[in-house]
Amino acid sequence: MSDTVTTEAAWTLRGYEMVVGLEVHVELATRTKLFSASPNRFGDEPNTNIDPVTLGLPGALPVLNRQAVELAMRLGLAVNCRVQRSTFARKNYFYPDMPKAYQISQYDEPICVDGWLDLPDGFRVGIERAHLEEDTGKSTHVGGTGGRIHGSDHSLIDFNRAGVPLVEIVSRPDIRNPEQAKAYVNELRAILVAVGASDAKMEEGSMRVDANVSVRLPGAEFGTRCEIKNVNSVRSVGRAIEYEAQRQVALLEAGESIRQETRHWDETDGRTHTLRSKEDADDYRYFQEPDLVVVDPDPEWIERVRFSLPVLPAARRIQLAEATGQRPDSEAVLVVTDRAQDAYVLAVATAGGDAGRALVHVKEAFADEGGQPSVPASDLAALTRMEVDGELTATQAKQVLAEIVANGAGDARAIAASKGFEALETGELEPMVDDAIASQPDAWAKFCAGEGKALGALVGAVMKASKGQADGKAVTALLEQRRDATG
Amino acid sequence: MEGAVALGVVSDRITPEAVAKVAKLARLSLSDDELRQATHQLSDMLDHFADIDALDLDNVEPMTHPTPIANVMREDIEMDCLDHDEVLAAAPAAEDGRFRVPPIIGLDD
Amino acid sequence: MADPTESSIVTATDIAWNVRNNVVTATAVVERHLAEIARREGDIHAFNLVLADEARARAAEIDEAVAVGRDPGALAGVPIALKDNMCTRGIPTTCSSRILDGWKPPYDATVVTKLREAGAVIVGKTNLDEFAMGSSTENSAFGPTHNPHDTSRVPGGSSGGSAAAVAAGFAALGLGSDTGGSIRQPAALCGVVGVKPTYGAVSRYGLVAFASSLDQIGPFATTVADASLLLETISGHDPMDSTSIRQGPLDITRHLDFGVAGLRVGRITDLPEGASPDVVERLEQAFDALREAGAEIVDVEVPAFTYGLTAYYLIAPAEASSNLARYDGVRFGHRVEAPDTNAMYMATRTDGFGAEVKRRIMLGTYALSAGYYDAYYGRALKVRRRIAADFATAYERADVLLTPASPTVAFHLGDKTSDPMSMYLCDTYTIPSNLTGDPAMSVPFGSGDAGLPVGVQILAPALQEATMFRTAAELERRTPK
């Protein structure tokens, strides 16, 4: 397994580079809608979370949800944006899932502007803005094939989702390869969850990603961009922009030009398809929403929100990396931080344990559903202590941990004793090492010639012979002694 | 709010093509006669409205609201919803607890 | 019902006092008004819907409350006519448009709730120009309303139904909505008091929107005191309307007898021309009357006044084009079936809206559309700022301003229907207050051509309703016989 996740590796195709900006919509974790008091809840019976505002009934008026504003501020401050005076506008277009035939959205004066987000490897993606807007209802297409619009007999509309608060986070076109795009989405999701702004589940649609993709020769002007919609997983983000960049390069290589358009990512055929061209784009007739007033958070409110932010994933990764001796962008650190198990690892260290070994065992300690550890940090601390003191091999430690997990707690030393575990002494290992060298002369020769890879086969043979009771580090040391003596 | 200002002043004439485009945007259909009449009437109005071309408005802030109030917000507290059955009974067409519409096509242009 | 004193109790103020004090019954009052409706409504057509049964039931409730010693409220037993663009739960609300045919709102407008809490009795929903777009009530899908003073003439508009209902004695009070003069102009033409309050003083929640930044609900009444009583009842902060001003109900009535001594009354020297001589003469008499009452008449200039019409007819249709987009045949109201949703939209809207509404939707859509926004809507918003600034300057020198409410007395039905622009000019003097958000009212002041009523308009700075009403009360006392 590769030890670290880097995104710096350049993506190029026939000399072209990709230029990608992402627009991420997230549903905010409020109790009620952006402009009315019906519940913001996923999965209820259709058209039950409705009120006059949600349905756009004549005479209904929007009133802004303070918590939605605060969550947008939390997110914005977490990605280093400036929170500013903002206004709402109406984006006018007809669609049956848009009750008023206009969407209330922040347009030329968004609440959060000019931020950035650092990927785990340190690559910085600029954030142009994050603004509040309302979600639409949901259409279901009946008849025809596969629930698609085209060929359907009719459609049915559920307005439960209409008016749910969204924040749209618009990145700058700083992304240059699929790995960066995926890392950006992952990092943004981690931040959203950490600050409590959203559950950010792409599979439930509470986080949706649109990608603006263009290609260019390095140093040249930006090319014509296409907007890719319907990207429903992090993996698809990478696939969709890679496909789209390849498509654009092929067109340019064939002497054709790129048409500015909106394209639809099809997960099943792995391609993007024209949804509509920008030439016949709707004329949205934006104008300031007269039913709402300016939102101008005072500095005191902004600072209160800023101070209430939790330690963010990037800082937590650094903390965990320092405690465990790993790189902040190592896979183990990324995964453990993403699962919010980093605090537990640090607690093991505080309880006198070894953070590095705790990082290895943390997955087992969280084997139960529900996100809570099933082993007291002090018990894992005792176990890791025995490991680093050479009293237990890694394999033995796993077995002891399994028993602690099964019982919900346990004294590592007592369990190890009951199993008769103790690391083999050097004297007991030596004959096994001799056997391993004798039975695998090729591996031994390669190891002596400096091929580190050959070590694994030799250590493996000893581990097998000792039924896992040998300490891998001790075996390696013995093998190196022999080699140095031979040399 | 952005967009090229094709016409810098109010006094420029409106064309039948522009009226047809506007009607389509507003989801209104006009017969040829109605289009001609609407073009004529809108032209008359715009002629009258050209009086503001005489004003120098360069340094004037647009006024969108009569009263300069800010930060009107409500707490995030649930209130009663409308009755599902009553609302759907009032719909022109409903099915399966949802609002029914004919096939959704022709809406992207 | 045969109470000899009852028929002499006419004003809302008197009705409420006598009902609260158990002198007359709400039932008797309501029956008298229903009888008047039965007698003349056929000629006038003030109502889209008369709520006789509901009114009788409500009157009985109020009488019961009084009988057990409970106070039904400040408007106890007062019959009121409600413009049919205010939502009434379970009662059709049509905006005089086919597109809302059959729609019964599932909720009450805030003003309706306040009226009920104050013990008022809603006797019916009144006719209007479709979606409040018009100045004669001829743009109604259900036919025009006629002026009670001369049924061959219009009552003004768009709140012509409420104005006519109050003038005809169908109700002691009426509620209208005023976007560019839709309360004040019909009040002038029907010879009643009509008030557009400060924007945000009365909640718009449940008022079917025409132009959101201009719309205000306000009272019709036969006396200045009655208008004051109604405005006090319906004003005050509403958390359901984000543009509602955060303060309690307006405090007006106790100022009505203070007089105008020392008050600075402004005459706008650069007022747009177009008022007919009879109207101008009455306005001059109004200045004289106030001077005699101790006011100081001062000359002020409002150079941008004249551009109000243009700003208004770009801003109001722009907002309306968006506000009226929700009538799409999906969730409520009228639908014309068609093979696909877009065709359904076109068929429904083309069939459901009348000519004037379509005209304004197109004008507004055009004013907002790509390439034209800056030239039309954007410029209109700047003109609006200029007008507000000019008024602010004028109010440094004057406490209130006087203008005509309508350029002419009531005109004949059909006179202006073929020329939209001539109809729009009816709003010349009333429009600026909607653009600035300041209060304004029309108070009857004698008669003009053909013996028809003339209204004088009083304008005041934001939230200075008390001063405005004081002036109106003085004019009312000095009305030429």
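Each chain carries a letter (A, B and C) given by its place in the written order, and its residues are counted from 1.
Keep this in mind: contacts are C-beta pairs under 8 Å (C-beta built on N, C-alpha and C of every residue); 3 or more make two chains touch, one makes a residue touch a chain.
Remember, predicted model here, so these are calculated numbers, not experimental data.
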*Taking contacts as defined above, which has more of them, B-C or A-C?*
B-C
*Which chain has its C-alpha centre farthest away from the C-alpha centre of chain B?*
A
_Distance from the mean Cα position of chain B to that of chain A, given in whole angstrom_ = 40
*Measure off the straight-line distance from the CA centroid of chain B to the CA centroid of chain C, and report it in whole Å.*
24
*Distance between chain centroids, defined by C-alpha means - chain A, chain C (Å)*: 57
*Numbers and ranges of chain B residues touching at least 2 other chains*: 1, 25, 27, 64-65, 69, 72, 74, 82, 87, 99, 101-105, 107
*asked:* If I count partner chains per residue in chain A, which residues reach a count of at least 2?
replied: 52, 55, 63-64, 94, 96, 155, 157, 159, 283, 285-287, 290, 292-293
_Residues of chain C that contact two or more other chains, please._
103, 106-107, 213, 239, 242-243, 321, 325, 328, 330-332, 341-342, 345, 365, 369-370, 373
*For chain B, which residues count as touching chain A in their complex?*
1-2, 25, 27, 64-65, 69-79, 81-82, 84, 87-88, 95-105, 107-109
_Under the definition above, what is the set of chain A residues touching chain C in their complex?_
52, 55-64, 90, 92, 94, 96, 99-102, 155, 157, 159, 283, 285-287, 290-293
_If we count contacts the way the header does, which residues on chain B are in touch with chain C in the complex?_
1, 3-10, 12, 14, 18-19, 21-23, 25-29, 38, 41-42, 44-45, 48-49, 51-52, 55, 57, 60-67, 69, 72, 74, 82-83, 86-87, 90-93, 99, 101-107
*In their shared complex, at which residues does chain C touch chain A?*
86-87, 93, 95, 100, 103, 105-107, 109, 204-209, 211-213, 239-243, 318-319, 321-322, 325-326, 328, 330-332, 341-342, 345, 365, 368-370, 373, 377
*Footprint of chain B on chain A - complex, ascending*: 30-32, 37-39, 45-52, 55, 63-69, 89, 94-96, 107-108, 139-141, 149-150, 152-159, 275-276, 280, 282-283, 285-288, 290, 292-297
